[in-house]
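Labels for the chains are A, B, C and D, by order of writing; each one numbers its residues from 1.
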Amino acid sequence: MTQTTSQSESNWLAPEELDAARERLPILYIDAIPVRVDVHGQITSVGLLLRATGEGRITRALVSGRVLYQERVRAALLRHLEKDLGPLALPRVPLSPAPFTVAEYFPTPGVTPFHDPRQHAVSLAYVVPVEGDCEPQQDALELTWFSPAEAREESLHAEMAGGQGLLLQQGLASVGC
Amino acid sequence: MTQTTSQSESNWLAPEELDAARERLPILYIDAIPVRVDVHGQITSVGLLLRATGEGRITRALVSGRVLYQERVRAALLRHLEKDLGPLALPRVPLSPAPFTVAEYFPTPGVTPFHDPRQHAVSLAYVVPVEGDCEPQQDALELTWFSPAEAREESLHAEMAGGQGLLLQQGLASVGC
Amino acid sequence: MTQTTSQSESNWLAPEELDAARERLPILYIDAIPVRVDVHGQITSVGLLLRATGEGRITRALVSGRVLYQERVRAALLRHLEKDLGPLALPRVPLSPAPFTVAEYFPTPGVTPFHDPRQHAVSLAYVVPVEGDCEPQQDALELTWFSPAEAREESLHAEMAGGQGLLLQQGLASVGC
Amino acid sequence: MTQTTSQSESNWLAPEELDAARERLPILYIDAIPVRVDVHGQITSVGLLLRATGEGRITRALVSGRVLYQERVRAALLRHLEKDLGPLALPRVPLSPAPFTVAEYFPTPGVTPFHDPRQHAVSLAYVVPVEGDCEPQQDALELTWFSPAEAREESLHAEMAGGQGLLLQQGLASVGC
């Protein structure tokens, strides 16, 4: 999970305050798996971002980020999808507020399959069809579309950090892929 | 649940054969709740059909019908939505094959909240956004759009047969309405 | 949603720090609907707590509370169920981490159906069978078991605060009640 | 998916009638993944049956079977679990009637990931904790318990027929394994 401190977020919490909170509270996140679907609701491709981590490693990543104070989960989903895929991505936010799973990223590795060295993040994970044009934004180097078969490959999951490969697999399983 | 024996269905099972099967096997159905949604994935209206039953009673009804031999559940959903709402309805079939509930319509009333005097039907129920123009077709007299608040009213559920009022309520609850 | 600042929680966040965080971040909660089930997995009764609110009002309430730093959601569920129902309640924590819904309690009424004047709480909601002896603990005055039919009554929901009546209804709908 | 024509089933449909129906209608099935869970609701082991197929091949299999006329899905789950694991298995039937997925077994291979040469079976799939003593019954040669890690191995899935390896994987993903 990557996160940028944007202008709008700084209205809610100064960076040093967020750092303090991160050492004391679980932080609420969303994770989104962007997909293309056909008219039968079948997934035709799965989008993954290419990012450079703080340590200069290149990883594949889901769309993810923090839910802000007084922000609806749905609004956070839309905001992060737009932030990463651009304003023309036209995501179809799921009808149901229930995520396909809850990923618990712990600062200590091994407690759960999910790990975030910066914080204890609890993330609501959704599969989100996007219908428009996607362009990687901000700190994403690239957006790559994979076939459902490719997206199930363990070699691809190995390029993902923090357990997101498993999360991708769980998301694909939840939609029958 | 209403059903018409269309030309295409007769390729699979003659009416008298279907009648015999209906006395011996659970018959697989789908139920769909057509909805309009806004850009945040929030439901803005819920569509119900107005139908005349065999006994001349007028009822509100969901889109529902049988799954045919060698037909995918998704294809059955699309076929029945198109049959009842017209070819321009543009339904967004759900990504996940898992229904929000399974409605067990028993021929004997009272076994479950769902009842179908003709058969034991087991129905996979979905909430389905439609994006195009809907026109009631065939034996549907009318398609009426209700606000989510109206769709939760018990007086409306009382106009629905076979327990579909409860099914509507369960579907709305599943999407946080 | 009620909450007590117990000894163990103070290890994580001092009350004044929690107050500050509550004005800046969504706080992660769980809500649990305790139920009794028969051998077929059908709900036979639904448990609600009777509580006195800070303002001296008496309300019916679900089991709910905060997820702590470095605490698993499952552990938080168990902890709050034990805190409210006693150590012999024997709750069966759900297998799936996915809640039946996510209740977004806003400090401003009307943004969502859920309201918490103290904070923006995002709550993962579960239906949890309990098999042992339940005894209300701490600030709960009483635990009352209702039949599923009674638990669906709007008059009962009117005795619940913050939108928990709706949450109860959504939970019952999710298990086919 | 294997199935035995037991005494009780013959009350509903004679074998030759069932054969005829199987060529004309989708047949409703259940699939169950028996699991052992700890007090936190985490899966500690997954049970698979060892069976000899009609062609003399040995395969690993889930508990599965037909839903009968006028039988509740829950009753079918209990009946098949008892039939395969014995009367002392003490399965905890899920509260929710919604399966984690719907497996569509087609008689033609390749239409879906699931295949049953005898019929078009549509199966509601559940993960079911069992708390008692399990003894393989009838045509099951053995019941073997695997760790969650073993149960995710592709080599194990390769020993399963009809796509049940994928179904097992989807079931484990649905509970966060």
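Assume a residue touches a chain if its C-beta (ideal position, glycine included) is under 8 Å from a C-beta of that chain, and two chains touch if they have at least 3 such contacts.
All values derive from a computational prediction rather than experimental measurement.
A count of C-beta contacts for the chain pairs A-B and B-D puts B-D on top.
In a homomeric contact, the two copies may use the same or different surfaces; for chain C and chain D, over half of the interface residue numbers are shared, pointing to the same surface. Centre to centre, using the average C-alpha position, chain B and chain D are separated by 28 Å.
Chain geometry summary: the mean Cα position of chain A and that of chain B are 34 Å apart.
Residue positions of chain C touching 2 or more other chains, listed in rising order: 72, 96-98, 100-102, 174, 176.
Contact residues of chain D toward chain C in the complex are 35, 37, 39-43, 72, 74-75, 78, 92-98, 100, 127, 129, 174-176. Those residues of chain D whose C-beta lies close enough to touch chain B in the complex are 12-13, 17, 21, 23-28, 67-73, 96-102, 104, 106-108, 111-112, 120, 122, 124.
Residues of chain A that touch chain D in their complex: 101-102, 169-170, 173-174, 176.
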